[in-house]
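As written, the chains take the letters A, B, C, D, E and F, and residue 1 is the first residue of each chain.
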Amino acid sequence: GMEEFEEAVERVVAGPERRSRIISEEEKRIIAYHEAGHALVRYLLPKADPIAKVSIVARGMSLGHVRKLPERDFVLISQSKLEDEMAAILGGRAAEEIIFRDVTDGATDDLEKATRMARAMVTQYGMSRKLGPLQFGRKDELIFLGREIMEQRNYSEKVAREIDAEIQRLVETAYNHARGLILTHRDKLDAIVQKLLEEETLERDELDAILQDVAQKVRTEQVPV
Amino acid sequence: GMEEFEEAVERVVAGPERRSRIISEEEKRIIAYHEAGHALVRYLLPKADPIAKVSIVARGMSLGHVRKLPERDFVLISQSKLEDEMAAILGGRAAEEIIFRDVTDGATDDLEKATRMARAMVTQYGMSRKLGPLQFGRKDELIFLGREIMEQRNYSEKVAREIDAEIQRLVETAYNHARGLILTHRDKLDAIVQKLLEEETLERDELDAILQDVAQKVRTEQVPV
Amino acid sequence: GMEEFEEAVERVVAGPERRSRIISEEEKRIIAYHEAGHALVRYLLPKADPIAKVSIVARGMSLGHVRKLPERDFVLISQSKLEDEMAAILGGRAAEEIIFRDVTDGATDDLEKATRMARAMVTQYGMSRKLGPLQFGRKDELIFLGREIMEQRNYSEKVAREIDAEIQRLVETAYNHARGLILTHRDKLDAIVQKLLEEETLERDELDAILQDVAQKVRTEQVPV
Amino acid sequence: GMEEFEEAVERVVAGPERRSRIISEEEKRIIAYHEAGHALVRYLLPKADPIAKVSIVARGMSLGHVRKLPERDFVLISQSKLEDEMAAILGGRAAEEIIFRDVTDGATDDLEKATRMARAMVTQYGMSRKLGPLQFGRKDELIFLGREIMEQRNYSEKVAREIDAEIQRLVETAYNHARGLILTHRDKLDAIVQKLLEEETLERDELDAILQDVAQKVRTEQVPV
Amino acid sequence: GMEEFEEAVERVVAGPERRSRIISEEEKRIIAYHEAGHALVRYLLPKADPIAKVSIVARGMSLGHVRKLPERDFVLISQSKLEDEMAAILGGRAAEEIIFRDVTDGATDDLEKATRMARAMVTQYGMSRKLGPLQFGRKDELIFLGREIMEQRNYSEKVAREIDAEIQRLVETAYNHARGLILTHRDKLDAIVQKLLEEETLERDELDAILQDVAQKVRTEQVPV
Amino acid sequence: GMEEFEEAVERVVAGPERRSRIISEEEKRIIAYHEAGHALVRYLLPKADPIAKVSIVARGMSLGHVRKLPERDFVLISQSKLEDEMAAILGGRAAEEIIFRDVTDGATDDLEKATRMARAMVTQYGMSRKLGPLQFGRKDELIFLGREIMEQRNYSEKVAREIDAEIQRLVETAYNHARGLILTHRDKLDAIVQKLLEEETLERDELDAILQDVAQKVRTEQVPV
């Protein structure tokens, strides 16, 4: 049946469910807010990949997860899409900070992903107006009893400083974007969390019920490009 | 026949056609403007290698391409030719930015090529008036279970800073040159794109029909050297 | 019996007792104050892992030790918990400095642990407000007749300076926190030391007898989050 | 006969003639001015190795060449001789710039040679008054499945900056020396080029016919040392 | 007998006597003052390891030596003890400078030891108030056809500068401490040297005869901790 | 006989005579002044190793040489002796500069030796008052299919700058010392050169005849230490 099939897909993508792990009630609340933060920001941002479901059932190494809709791959990724994706990725940490005024190491992988995207935008895709349409750094392959790829710095300390500043600007802009959406729609965040603590997993239609109206409003407020 | 032969040449140079790849209408429009940007700038700049055909049929890894005329190789490459080539290479990104006010990762290889050319001009060919007729950096061959070439920095941080500034100046000058041509001849760009979306590929004679008059005008306006 | 079992647990965790080592009376006093410093700070800080027992019996390489309660593992570690743990870890050195106005190399491992935690907070967990929700540095695996993990610096000297300043701020804040608790509760520290010099080891209930009232008071004074 | 013998010598030193390579008329003119620039400056500078013949016949990798007289080797090389050699080496690029107001990658090897000489003068021969009679940098032999020589920097960034400035000063002084000679004797340069385009190769006696009087004058104007 | 036993101990610790080496009278005087400098400072400083004997008989690589009393090992080393040890280690160089207003390479190993101790105090033991209770640098084990330990710098240039300044401050404070003791007790230094030149070796009791009264006085003048 | 024996010693130390090498008259004069410069400065400086003979007969790689007296080895090397040796080593270059107002690459090895001595004085022997009695840099042995010693920089850029400044100060002081002696005793230098050009080699007694009176005077003028 459909349920078995979905379970199979989940197992492949995120590993088997891991209910045996002992997670305290306090931790469960933090995880729920973290995942709800991802879900809310991803749902509201028009260029972020759409969301299929959100869950606080631990699978593999992750304590919860957001699954994206199985849409077609993009052959081109635009700067505006990357900015929305970064905000969605940082939505979990932003929710933790807003709700608990304390943050956890649960966002470690998210920070890694967001930093890597921002770095690629600046050094590989030429998406920083300050640094211009150039590439910075050189990927060298050092083949040595295995295969090793090292990135060699081929620029001055001054450019390194500008790259750092641009990466920080991009990540912090995305983080503040996520924070702003969560602060504005705090009631929706709480609603998702309540459902997550009751049912552990929300499907797309349940998210639609909570968020569709808001999303409509957010998108119409945006200036069309 | 001629068509089979041309197809064979294409396959060798750019890989077999790849019609199966699903590209959205929006992406097709971006690709068309990107390739048209290359074509327009290359056509108008007198020292850039002349263009044989432009296409938005995906081949191998690329989503579209511009094929150059099979002319004789140059034994010498002048600074002015390198500057025109760089502008043509950056024409795709410039068109994206002007039309969509958003840019994509589709220009990644172009940025790599333009940056590499500018670096060679400054550090290998002595074409920067600021840095003078010297070479900077030392190519070392580190033979090690395979063959590895590492470029060793043999200059100070101050010179590194000046090299960076010169590379940035060269790339941005070329980019602005491309932007200027596209902005001035926006109607021609749109004409190329319209044809590309209808026919997918434009031969030299079709480009001539659109651009020959403008090219004549651009060249006569230039101060002869 | 219970005592044999506890001894067995100790041997596994901290190595067999090592009574043969000749330790001077002066050194024994320093060790007692060092361990009592750890115990006092750990007992009083609400988020630090709770303490099971404190001892000045040398085991393995360590001259004394504090054993934590065998509680459940956390799946999430918060910033506030990390700050309390750092203060507890630095409590030994803080006690030495306050009592003897001289410090020893006995805190070397503690300093290593505290610095490593602060570095992870700043560069991996994004817990520095100054540096933001980013990651800094790249872990590379250089497989080479064995397995080697090298951390590659992928940021500018300016960011390196900010990272250093944040790490120093975190460690010194924790150290001053520990110092403050020890100075305020100096009488309790002396009481623990006196017992340690008499009995060598204090169990949880003996620590409760000395510290429970103070801990109650410390916690009620804190602003609830 | 003599001609066969000379051809044999040429083949060993510069590779067999390569008439098959297609060189445009414009490129031939650039090559002729480049080689004539070398020849003129080398002929006029008293300490540069004397010239035997100049040619625009492509051989091996080079598009033209200047052959030196087979004189005895020097056991000592003076600073003033190195300065004259550097000017002769940069004479090709200087001629290109003066005549065409555009430069080519044809001078790449010349720039490499001149930079290497200037670096040796400053870091190995102690010929910079600013840096004094010291050596800078350490040649290490890293024997590693083959033989590798790496130059290790054993000085501060400040000294690196001074070394760079001295190398740039030496190369630019030599370049300006070459430029000055070419500008002053532009008519002689044109005369050499005309002959080169007609005959492809000029022997010593043909150069003497064009340049001997000027050389006499240049040398008598110099203050004897 | 006792003498043979002592000789055996010496041979193991410092190598067999090496009387064959030709040492000039001038050099013997320098060596005597160097060893007497060590002995005087070590004798007078309360926390430096006590001295068993001093000798100007060359053994192994060293031209003279000071043997410490075979006391128990310390399990803890305090900052104040490290400071006194550093002064004793630098006492030889300080004596040379005071007496001859010229210094020799004979202190090379002493400088290495003192610098290493100061570095450990600052970077490993957290004994610099300026840098705080942190560790700096990371010891990596690079296993590579043998075993290699490399210290990796994981801090900024600014911290490197502060570490350098602290190491220099510690070594120079210790050196000035040694100088001050030697200048104040110059007559005792001369007395030790005279005996060393006569007898080559002084036992503990002979040192006591010269230095005991002074040591008593130095220690009573110190403020008790 | 004595002559054969001396020749044998020479061959071992400096390689067989190499009369076949063609050296111009101009070069012979430069070599003679270079070697006479070494000889004059070495003869006059009281702490430099005494001279046995000076020659302009080429041997092995060197074009001339100064042989030292086979005196006993020193077990200690003082700072003042190192300073005199450095001046003697730089005497060749100083003579070239004074006589010809041009310098050659013939001093390359001398510069290497002088720089190495100055570096050891500053970084290994603690002979710089500015940097103090510390060691800088760490010698690491990297055993790797052979044996490699690498010097690792373990200090900040600021200290690197101070080390450079001290090394430059030491070498330039020695160079100016050599220059001063040569300028003052120019007549003696010319006398040595005249003899060298006539006889190719001067023995100790011939040098004594030219220089003994001057040396007497130089030494009595010095303030005794």
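The rule is simple: a contact is a pair of C-beta atoms (placed from the backbone, for glycine too) under 8 Å apart; a residue touches a chain by one contact, two chains touch by 3 or more.
Quick caveat: nothing in here was measured; it's all calculated off a predicted structure.
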**Message:** Taking touch as defined above, what minimum step count separates chain B and chain C?
**Reply:** 2
**Message:** To test your reading of the model: what rotation angle superimposes chain A on chain D by C-alpha positions, in degrees to the nearest 5?
**Reply:** 120
**Message:** Centroid of chain A to centroid of chain E, CA atoms only: how many Å?
**Reply:** 59
**Request:** Starting from the mean Cα coordinates of chain A and chain C, work out the distance between those two points in Å.
**Result:** 34
**Asked** Using the average of all C-alpha atoms in each chain as its centre, how far is it in Å between chain A and chain F?
**Response** 69
**Request:** Note the residues in chain B that touch 2 or more other chains, in rising order.
**Result:** 144-145, 157
**Asked** Taking chains as nodes and touches as edges, what kind of graph is this: line, ring, star, complete or other?
**Response** ring
**Message:** What order do the chains sit in around the ring if I start at chain A and move toward chain B?
**Reply:** A, B, D, F, E, C
**Fill in**
Interface with chain C, chain E side, in the complex: residues 72, 74-80, 124-127, 131-136, 138, 140, 142-145, 152, 154-159, 225
**Message:** Which residues of chain E touch chain F once you look at their complex with the stated criterion?
**Reply:** 21-24, 27, 30-31, 58, 63, 90, 93, 100-108, 111-112, 114-115, 118-119, 144-146, 148, 150-151, 157, 160-161, 163-164, 167-168, 171-172, 175
